[in-house]
Structure formats: C-alpha cells, structure tokens
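Next up: the structures, one after another.
Look at the two complexes coming up: chain A is in both, with chain B in one and chain C in the other.
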Partner chain A sequence: MNFGDIHAAGAPILMAVGGCVVLLTDLASKRSATRKFGTFLAILFCIASMVCSYTLGGQLRTAFSNGIAVEGLVVTMQILLAAIAAITIVASSEILQSFHLPKGEYRALILLASAGAMVLVQSLDLVNAFVGIEIMSVAFYVLAGYRRAQAASEEAGAKYFLMGAFVSAILLFGIALIYGSVGLAMKANGLELPQGYSFTNIVTISKAIHQVPGFGTSPLFLLGAVMLIGSLMFKAGVAPFHMVAPDVYQGAPAPIAGFLATTSKVAAFTILMRFFTILAGADTGAAINVVVIGLALLSIIVGNTGAANQKSIKRLFGYSSVAHGGYIVLGLLASLGTESQAAAITAVTFYIVAYAITTIGSFAVVAWLGKDGEDADAISAYRGLGKRNLGAAITLGIFLLSLSGIPLTVGFLTKLGVFMALLSAGGTWVAVVALIGSAIGLYAYLRVISEMFFVDSTQQETSSTDGASKLVAVSAATLVIVMGVFPSQALLPSFEASVTAPPVSGDEVK
Partner chain B sequence: MTLQALLSGQGLMFLFFAVAAIASGILVVILQNPLRAALSLVINLFSVAGLYLSLNAYFLATVQVIVYAGAIMVLFLFVIMLLNMGQANLNTSYRGVRTIIAFSSAIGFGGLMSAVALKGQPNVMLPADAMVTGSSAGSVEGIGKVLYNPNLPWLFAFEWTSFLLLVAVIGAVVLAGKRQQPSEDKA
Partner chain C sequence: MNELILVIVALPLIAAVIASLVHEKSAKSISIIGSAIACLLSILGITTGGTIDRGFHHVFNAPWLPKLGLMFSFGLDGMSSLLVLLTTFLTVIAVIVIPAPKNAVRAYYLSILVAGALTNVAFASLNILLFYIAFEAALIPVLIAIGMFGGGDRSKAAIQFFVFTVIGSLLLLSAIIGLRIATGTFDYLTLHDLVAAGAVDPSLLRWFAIASFIAFATKAAVVPLHAWLGRAYINTPTGMLLLLSGAMAKLGVYGLIRFTLPLGGDFAESLVPLIVTLGAVSVVYGAFVAAAQTDIKAVIAFSSISHMGYIVIGAVVGDDAARSGSVLQMLNHGITTGALFICCDFISRYRGSRQVTALGGIWSDSPLFSRLLLLFTFSSVALPLTNGFVGEFLILLGAFHKFPYQTAIASAGAIGSAVYMLWMIQRSIYGGSKSDASKVISLGVSERSVLLALALMIIGIGVAPSPLLAIASDNGHKVGAAMQPEVK
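Showing the complex of A and B:
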C-alpha cells in the first residue's frame, strides 16, 4: 500500500471523510448557523472527490492488492456519482427546511451513500463490492424513510429495508457459491491462483471461466452467477424485482427519490458491466443469456405498461425507471458478444449518464412545482400547466420527451446506441419487442404532456419558493437538449477512453 | 463429499451441526410463537458456531457464540417481551395464494440447491492438506495477520466495513431519535 493506492481509492475516501466532517460540524455548531455552511462543506467534498477522480485519468490501475481497479469507465462513473450527490444536497434544502428534518445527518448519509456506490463501482474483488453495496443500501433505506412523520415515507423505508436485506443475503450467497466453484475448479485442474489475487476476484473468476473447460456451464457457478446478477438487478430496480421501486419513489420526497433512482442504477449497472466483461465470449451455455433477455424484456414491458395508467407522477417516474433499467440491461446483453462489446459498453455508459441527468431533472421539476416542500405529485396538478407556468411545462416536457426517446433529446441517442449494439450482437427479435414496449411508454409520457399543454384548467398558479430545484431542473433540461443535439462534443470523448481500457479480460491473466 | 468422508469423525460432526442448523432454521420461519422462533434461532447460531469449530475457526466460533447467540439474541428477546407480542397480534394464518407461492418457491429453491450440490460438484478429491487441520489461520493471531495485512485484499473491505457501521448508527439515530417540532410536521 502506498500513495498510489490511496489516490486510486481517493474518491470514495473523500466522500466518506466529508460525511464525517459534515456530521461533526453539524453537531458542534448551532442549528441556525449550519444550514448554508453544511451545504457548502458537503459540496466542497463532492468537488474534491470529482477532482481526485479526474486526476486519475483513463489508464487502468489496480490498488489494495488488486481489490480495486480504476480506469476511464470508473472515473466517469465516480464523477457522475459525486455530481449527483452535490446536486441532491443543493436541491434538498427546501424539504429539509419545510419538514424540520435533521440536516447534518441528511448530508452525511448522502455523502456516505455515494462513497459506498463509488466503492462498488471501483471494486474488482466481489467482497469489496459487497461492502460497498451494503454501505449504499443501508443509507438508502434510511433516506427512503427520512420523512418519518409521513406514513408513506415510513412505509417506503420499511419496504425497501425488508426487501433489500433479503436481496443482500441472496447476493452474498451467490458470491459464496462463485467462491466455492472457482476454488474447486482451480484446485481440480491444478491452476495456480494468480499472484496477488483472491478467489473472489473478478480476474480469478475470469481465469477459471476461460481456462477450465466446462466451468462456465457448471451448475454451481451458474447458480452463483444468476444469484449475483439477480440481486444486483434488484439494486438497480429491474423487473421482476421492481415491486418496491414505485412505492419508494412515491413515498420519499422528490430530491431523495431522484438520488435513490440514479445512484443505485449507476453503481449496480457499472459493477454488472464489469462482471459481464469476463463472461463475454465465454461458454456459459444459454442460462445467463436467457436470464438477461428475460429480465430486460420483462422490465421494458412492465415498466412501460405500468407507467401508462398512473395518477401520480412520481409513480410514473418509478415505472419509467424500471423500463429504462430494461434498456440498460439490453445494452449489457449486447456486451456479452465479443464483437459488439466495445460498442455496447459505450452505449450503456452513455445511457446511464443521460438517464441520471434526465431523472434528477424530472424529480427536480416535481419539487419545484410543489408548495411548502410538498411535491406536486398528482398528474392532475399538471393540467393546463402550459398556461400557468410555461417555463416549468417546457422543462418537464423536455424530460418526458427524452424519457420516451424522441429525437433531438438525449434519450433518443441513448436508445439508438443500445439498439445498434443489440442489432450488431444479433438480437433482432429482442430489439423488436423492446421497440413495442417503447411505443407503449410513448403513450404514458405523451399523456402527461397533453395534460400540460392541451387541457384547460381553472387551477390557481402557486408561487414556488424552491429556487434550487428550479435551477437544477432548468440546467438538466439544457444538458438534455445539448447532449441530444451535439452528443460528440458534449460527452462522448471520455467514453471512448473508457472503452479502450476495459477493466479485465480473459487474455490479461493468461 | 464422499460417503466415506461423511462417516469419519469430522464428517459426523459436520452432519450433526448441519442438520441441526437447517432444522432450527426452518423452525425459526414456521413457528408461530415469536419467543420460540427466537430460541430456535439461538440453536441455529450455536450449530453454525459448531461448523466454524470443525473448520478450526476457533475465534469465529467464539465470536459467533458471544456476539450473536449471546448479545444479539438477548436484545431480540427483550424487544419481543417489551412489545409483548403474543400470537394474537400476529397474522400468521397459513392460507391463501401468498402461502402457496412462498412454500412452492421455498421447495423449488431447496430442490435446485440440492440438485446443484449433488450434480454440480466437479469430480475432484481435495488433497489431504486442503483440510485446515492444525492450521493457525482460525486463531486470533491468524485472523489478524490476514485481516490487517496490506498485501492482502481484505484490509480495504475491513476498513470500509467500519463506515458501514457508521451509516447504520446514523440511520438508527435518525429513524429512532426524538422528532424535532412534531407539531409542525405534516402527517
């Protein structure tokens, strides 16, 4: 262990230290004085974390005895996670004030949840991944139930906790099965453990998959892999593990819902991408393909049809997040093919970044239009919004168009990228089913847009005081359009860097 | 594991503790009385401690007994008694579609696990030294040398686990602490 190791692990360390500092500052100073200073401190640590990630650059480096590996993809995701945390903290000042919620603990939990997500993103050893996912999840359960006085929030927290605890056990079971199968297979075939790697390391698993004949189809490994994939999919809110997602997003205040929806997806899908890179080109039979196709299509169908008849806009976004999880899984599916792998990883990364921006923005609009911290949750509240508050209506309209994948928004380009990767991997019928799902989703989103612009309403305009949410929403909408019109100039170079240095491959350890 | 290996001293130990662990685990789920379920959990934790012992993990077995079977179970029992949970408060009737789904998926998963355990085994006999007989890895010293060694991957996970506990503590304080100005909160 040396300075290089600390530097590689620096982004989550800075976030965690920031969490402690914010918490202690809050305890030490008087309540009224901490509001602005605590926010300032928290954002300072988020920026420090981003800078730390950025200075790592795109090249692959491992640290802590190969427990973690950082390269372009991880750096991109870490910067994204820190940005989400900073935006959430800025956008939450209104709800914290209105509901008299403890502020220092809130900021600390957001920072620590992001630290856990970053540990998950950079981990190469599944043990580290598990610790990261637990830090993130425990903070999530608390955040989902943060507004204790409201029954819906409490229910969301309790449901999320029970399901999440169960899934963590399944994840750990899966990791244990993989550990056992890798160890047995390597001992039986006289393979040496790669120097400095443990049996739970992705590199070791990759060695077993690519060098032990029949390992990829052995039931012990497959069961472990399916349990691992399934529980990570739960963390990302993919159907049929989506049951809690709409409840949680509806119950939690809008900025928290936005944070939960984006951070969980960014973290879980990044580690899944890493796990899938070692499955690419390996003989794992049909099992993993069937599971992944099933999860993707089910999510797209369930998410889009579920969104179609919602009365609550936060539930609509909840189902929309399920559907978008499905599209991301389609991209992961394409990354299982060796030829389409590079394109698929780029597409998935771009999709995750774009989804994060759109979702944070959508929930910010819900908070912006709310009154006294209460979210504008009922879709009927948006009736005739175009006449009352044109700016808000256009902003929300941009997000809804992006979520449905209309050209000139970033949502179109991301869907296009995933479908192109899928077609080059040979998944034509899968793409057709997914497109039908998108058409159903289009109805769900356009219904809200028509409510806003084409239906008259007698509702009075409510003057909002939530300037922070307004700022977040408008800047996110601008980004959605800019990235949709000039994709290459805005963000694409950094993704190409990430694809040239995939975390691990089978060849690397041979 | 072959039949011969199962009938050795260590194999019999394993069989005893494994059967006890699974049986008491099932009892935890199906017993209606929460007190009895909690006491079954104690048996389960002791059996797992026995499994650790048969793997020469002395320290882990001791910690399992002291922390889980001792401290945590006492807390469990306190909570059950404080809430005065009788059978009357619990809706545990074994009826309805939900129960059928629960039972069939439990049996299905059990069958899947057994099939994998029986068939999925690669045809391999572990060398004799694979058993950790006489190894010091399970002692306090052995665990310390592995856990705190910067040249092994576990230090990183160990340090982050402390943050996991910190998050849990903050969460417990936030969710269970006194509410600030409850009169102004909107229900």
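Showing the complex of A and C:
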C-alpha cells in the first residue's frame, strides 16, 4: 500500500471518514450548534471527495493489489455519487427538522452509504464489490426506516432489510460459484493465475472466459454469473426484484427516497457495466442474453403498467424507477455486442446521470410541496397545482415529460442513445416491446400533468417553506432542459472521456 | 438568405418570450407583430433563392449535436414553402381573430406561437431526426392548449390526443434510428440518394415504410387511426385548432410524400393500394359521422377526416397532377376549415351554443357573417370557382385511372359532404332563432377583414389556381435530379 493506492481509493475513504467525523462532532457538541455546522462538515467532505476523484483524471489505474480500478467512468460516477449525497443532505434538513429526527446519524448514514457505493463502482475484485454493497445496503436499511414513528417507513425498512439480506447471500453464493468455476477451469487447462490477481478478480474471470474453451457455457459459471447479475439487479430495483422499491420509496421521506433510488442504481449499474464488458464477445451461450432481455422487458412492462394507476406519486416514481432500470438494462444488453459496446457504454452512462438528476428533482418537488414535513404524496394533492403554484407545477411537468422521453428534455436523448445502441446490436423486436412500454408509461406521467394543469380545484395554496428542496428541484429542472438541448456543451465531453479508457479486459494481462 | 427559415421560426418564438414577460395587454399585439412578420417573410420562402441543393432552395446547415447526427438542416421546395406559409398565416389569424382566455392570456399565446414555430421546423427540416424532434415537441404546446383552455372534456381529450400521436411517432423514431444505423446519417438528401441507389437493406426500408405510415396516418387521422380526432378537435380551443387541423395534421400527408414514399423503397409502393383504400374509406366514413352530428364544431371536425382522405389519396397515387392537387388541397383545407372553425367560434361566442337545435335566424340577424359562412361552406363542399373544387378535382382526376373503384367511392363521398354541410347550414343559419338569448354576431374591423381575406383567397385560388399549382407541383420529385449543389 502506498500513497497512490490511497489516492485511488480516496473518494470513498473521504466519505467514510466524513461519516465518522460527522457522527463524532454531533456527539461532542450541543444540539442547536450542530445543525448548520454538521451540514457544513458533511458537504465539505463530499466536495473533498469530488476533488479527489477529479484529480485522478481519466487514465486507468489499479490499486490495492488490483482490487480496485479507477478510470474515467468510475471518476464520473464517483463525482455523481458525492453530488447526490451533498444534495440529499441539503434538501432534507427541513424534513428532519419538522419531524425532530436526529440529524447527526442521518448525515453519517448518507456519507457511509455513498462510501459503500463508491467502493462498489471502483471495485475490480468481486469480493470488494461485495464489501461495497454491504456498506451501502446496511446504511440504506436504516435510512429507509428512518422515520421510526411512522408505520409505512418502518415497514419499508424491515422489508428492505429482509429482502436485501437474502439477496446479499445470493450474491455471495454467486461470487463463490464464479470463484470455484474460474479456479477449476484454469487448473484443468494449465493456465497461470495472472500475477497479482485473485480468482475473484474481473481480470482473471475475463481471462478464463476468453482463453478457456467452453468456460462461458459451463453450468457452474453461468449459475454464478446469473446469481451475480440477478442480485445486482435487485440492488438496482429491476423487475422481478422490484417488489420492495415502491414500498420503500413511498415509506421513506422524499429526499431519502430520491437518494435511495439514485445511489443504488448508479452503483449497481456501474459494476454491472464493468462485469458486462468482460462478457462482450465471449461465448456464453444464450443464457445470459435471455436473462438480461427478460429482466429488461419485464421491468419496462411492470414498471410502466404499475405506474399507470397509482394514487401515490412516490409509488409512481417507484414504478417509474423500475421501468427506467429496464431501459438501462437494455443499454447493458447492447454493451454485450462487441460493435455496439462503446455506444452502449456512453448511452448507459448518460442515462444514469440523467436519470439521477431527474429523480432527485422529482422527489425534491414532492418535498417542496409538502406541508409540515409531510410529503405531498397523494396525486390528488396535485390537482389544480398549475393555478396555485405555477413554478412547482412547471418544474414537476418538466420532470414528467423527461421521464416520458419527450424531445427537448434530457429523457429523449437518453432513450435515443439506448435505442440506437440496442438497434445497432440487432435487438429490433426488443426495442419494439420497449417502445410499447414507453407508451404505457406516457399515460402514467400524463395523468399527473393533467391533474396539475387541466383539472380545476378548490384547494387552497399550501404555504411551503422548504426552500432547499425548491432550489434543488428548480436547478434539476433547468439541467434537464439544458442537457436535453445542449448535452454536448453541458456534460457529454466528460462521458466521452470516460469511455476512452475502457475497463480492464483480459487481453492486457500476460 | 439561407437563414430565412431560421428567421421565420425564431421571430414567433422571440415574440412569444417577450409576450410572456410583458403585461397581458401588450401580449396580443406583440404576438401579432412577431407572427405577421414571419408570415410576410415566408412569402419570400416560396421564391427560389439562397443555396440550392437537389431541388431545395434556402438550404441552411449548422451543427446541433453532430455526434448524434443531429443537424439544423433546413431547405424549402415548393411544397414545404407553401406549408410554411400556411402555418405562419394560420398563426397570425389565430392570434388576431380568436380572443385569448381571460385568466391565462400569455400562456395561451405562448402555446400557439411555439406550436406554429415547431411545425415550421418540421416542414422545413432536411434532417430526419430534427424533423422527428419538431414533430413530437410540437405536441406539447397542443397538449397544454387543449388541457388548459379546452372544452369540457379537455383532460381526457388532451391525454388521448397525446398518447395516440406519440405511440405513432415512437414507431417512426425506431424506424429513423434503423435508417441511421444502416446508413450512418440522418440527412434527408443523403438518405434519399442512398435509397434511390438501392444501397439500403430492403427489410429495413420495409419497417421504415410501415412505421412511418402508421405515424403519419395517425397524424392525418386516416381511418382507422383517426380515433383521437373527434374528442381532440371538439375540445381544442379554436386558436390552437386552426393550427392543429390546418397545419399540423398536414404534417402527416407531408410525411407520406416526403419520407414514406421516397424512403420506403419498393414496399412503400406496394402499400399504396392499401393507403388509397383507407383514404377512400376515410372520405366516406368522415361524411357519415359528420352527418350524424348536431354540434357544428363536431360537423366540421369530422368533415376534416373526409377531406384529409382526399388529400391522402392524392398524395400517394403517384400521379403528378394528383400530387400537386393534394399539396394545393392541403393549403385549401387549412384556409377553408380554419375559416369554418372561426365562424363556429363566433357563433358559439355570440349565441352561447353550437348545437344546430339551438341556433337559427343568423341569416337575417347577421347578414355579412352568414353570407361569408355560406361561401366557406361552398368551398368546403368543393363547388366550382372555389378553391376546394380545384384541389379535389385534380386529385380525383389523377387517381381515377389508377384506382377507379376507390376513386369512385371517394367521389361519392363528395356528395355526402354537400349533404351534411348544407344540412348543417340550413339548420343553424336559416329560419327563426330557436333560442331566446340570441345575440347579433357583430364583427369588429379586424375580424371582418380576416374573414374577407379568407373569402378572397378562397375565390382567388378557385378562379386562378395556376400560380399556386406551379409551386405545388414542386413537391419532391425533383430530389436527386441535380446531384451537384450549386450556389446562387
């Protein structure tokens, strides 16, 4: 271990240290004084983490005995994760205040969960990925049930914990199967373990896949791979592992729901992207393709139909996140093709960033319109919003149009990117089913727009004081439009940089 | 003047932004100024000028998202310049003659000006992805206008309209992406050359033909893809309805002429008999449904299905005269139906009802208005010496020798249109007033001049159609004729 190693893992380390510092400061100082100082400290650590990621630049470097790898993609995602954490901490201060919920632990949990997510996105060894997932998930379970006094929140926490613990076991089992299959295959074929790499390292697995004939179709490996993919899909809230997502999003306070929805997806999809790059061009039979297509289409159908008849807007966003998870998986599917791989990785990266912004913004609107800390959750509460609070209605309207993928919002470009990658990978009928799903989703989002603008209401203006959520929502909506019209100027260059250095593949190992 | 189309698009948008910032009282005049200048400039668009590339003039190219193949590529030929002129013209009269709803003047003008500008982007675009973006983005202002300012059933109408048209256009999107992957470009002229040279996979072209036909037929409300039209038109506020029925529905026919047929390959040719049959069915179906209505706005709305049926037939039969007639008829339909919807708006504003059973007595109460309305009706039923006759006659003439049965059925629909339109006029205009609260329809100076101008156009085109026909005949068949771009 040397300074280079620490630097490469600096972002999660800073977040984890920040979590501890925030917790200890909270313990040591008086209640009233900590409120602003604690927020300040937490934000400081987030910014430090972003700076640390940024200084790593776009070139590939490995650290900690090749346990982690950092390149443009990881840097982008780590900066995004730190930004999500900072925004969540700022946006939730009002809600915590009105429920008299402890703030010190809250900030610490957000920072720790982000640290776990960052470990996950940069891990090259599957064991590290598992550690990252656990750090992230344990903090998630607590956050989902953070409003202990409320039954729904408690239920959400308990459900999330039970399902999550079960899935972690499956993930670990999957990793064990891969470990066993890689070891056996390499021994049987007389292949050396690459110097400095373990059997669970992605580089080793890649070597086995590409150099051992028939390894990609061996049942042991396929079972392990499917378990790994499935459990990561659970963490990303993809159907049919989506059952808890709407419950969790509805039960948790809006800013926390936004945090859970985005951080888990960013982290899980990034590590999936890395795993998929080693499967690209490998002979894995049809099994993995079939599983991935099935998961994607099921998510799109289940998510969009589930969203269509919701009475609660947070549940609607929950189902919407399932559907969007499905579109991202379609992008991953395209990354399995060697020719469409580069386009698919750019598309998925762009999709994840755009989805994070839209989702954080949508949940911020829900918190913004809340009253006395209660989220404005019932869709009927949005009736006639256009007359009462035009700004909020337009902001939410922009998010809904972006989620439906209408041009001039970023949602259109993300869908366009995924479909272009998918069609160039030859998935025509998959794209058609996905398009039908989009049409169903369109109805779900339009229903809310219709309630806001097209239906008269006698409801009185709710006096909202949540300035932080308002700021977050309006800035996110501005970004959605700017990225929808000028993505190249706003953000695309960084993504392009992020894929110039592709994740490590077996070819580089001798 | 290659930037002409940019100016035509940008002026209403700038006016819309200014109008939404200033006081409500000035919003209308600013909107009128912006759209009127755009309308005058689009007359210039008809004349050949600027850079000329393969039959298109005023060709303009600038990058938007070059990595995605998305460019600001514009160019006009006879057909698109006429449709741009129609759109800007309808925008102006919509702003002048239809009063904005009192509570949201600025939002109303904003939606109309933005819808008009985006429609023009679609008409003038030579980049097929840019066309798609404008085609779909133009739905948002319409959605807002129907939902916020529409009739009683507005929420349902808005959602139905939006979902229907977006499903169609999503299919189109998938086909466009398919073309891009096969050819590496979204540029219309390049695609046109590649398809003409047979360099694109026929199965891909087949999918493009099917998907784009569904998208464009939905937009043009061809039976059986017309289901959104009735509720949408009846509930759309009249100002937006002028654009929706007059200009945006034409995007469907324009798309068939511009994209489906040239880029759909042989399969698109084999679709022609089906499209012609559907067009003939639309003519008859629209006439029957219109005849059954008692709401005059509904009569005019469903008559649109019938009229669009003719236009679609003319667009696809592959006969030069019929295609020119079809382009001319798009213009005529925009003018005539627009005029009828304006009259309908006056009637419901002054009489408080649009039901034929509650009207009557308008002929004696409001002589100028009712005589103009009768003229518009004549144009709608395509009486000789009105504009409608020229277009329909050319379409039927050109279509007959290729599809005699379908054309015969469609011609029979013309009789139907005379029945329901004249019956509607008879019941709503003549006789004594059937309601006590009838008010005389008094036209202000601007309203009177708009209606008179429309009447003059109807007669003018009806008596001397040849100048417009000459422009309308330049509708895409010259593409590829001059391969080398030349600069004037």
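Details
Operating definition for what follows: the second predicted complex is superposed on the first by the 508 of 510 C-alpha atoms of A that agree within 3 Å, B and C clash if a C-alpha of one lies under 4 Å from a C-alpha of the other, contacts with A are read in each partner's own complex, and residues count from 1 in each chain.
We adopt the following convention: contacts are C-beta pairs under 8 Å (C-beta built on N, C-alpha and C of every residue); 3 or more make two chains touch, one makes a residue touch a chain.
Note that the structure is a prediction, hence the values are computed from the model and not measured.
Applying the stated contact rule after C-alpha superposition, one finds that A:G38 touches neither chain B nor chain C.
Looking at the shared chain after the overlay, A:A431 reaches chain C, while chain B stays out of its contact range. When both complexes are overlaid on chain A, the residue A:I406 reaches chain C alone and has no touch with chain B.
Legend: residue contacts after superposition of the two complexes on their common chain; A:F454 is shown touching chain C, with no touch to chain B.
Of the two partner chains placed by the overlay, neither chain B nor chain C lies in contact with A:G216. By the touch criterion defined above, A:L416 lies against chain C but remains apart from chain B after alignment on the C-alpha atoms of chain A.
The wider contact with chain A, measured as residues touched, comes from B rather than the other of chain B and chain C. On chain A, the surface touched by chain B in one complex and the surface touched by chain C in the other have no residue in common.
Those residues of chain A that touch chain C in the shared complex are 386, 401, 404, 406-408, 412-413, 416-417, 419-420, 423-424, 428, 431-432, 435, 438-439, 442-443, 446-447, 449-450, 453-455, 487-488, 492.
Listed in rising order, the residues of chain C touching chain A in the complex are 65, 67-68, 132-134, 136-137, 139-140, 143-144, 147-148, 150, 154-155, 158-159, 162-163, 166-167, 170-171, 173-174, 177-178, 180-181, 207.
Those residues of chain A lying in contact with chain B across their complex are 1, 9, 16, 19-20, 23, 64-68, 99-102, 105, 108-109, 112-113, 115-116, 119, 125, 127-128, 130-132, 134-135, 138-139, 141-142, 145-146, 148-151, 157, 181, 184-185, 187-188, 196-198, 201, 218-221, 223, 374. Looking at the complex, you find that chain B touches chain A at residues 112-113, 115-116, 119-124, 126-127, 130, 150-157, 160-161, 163-164, 166-168, 170-171, 173-175, 177, 179-182, 184-187.
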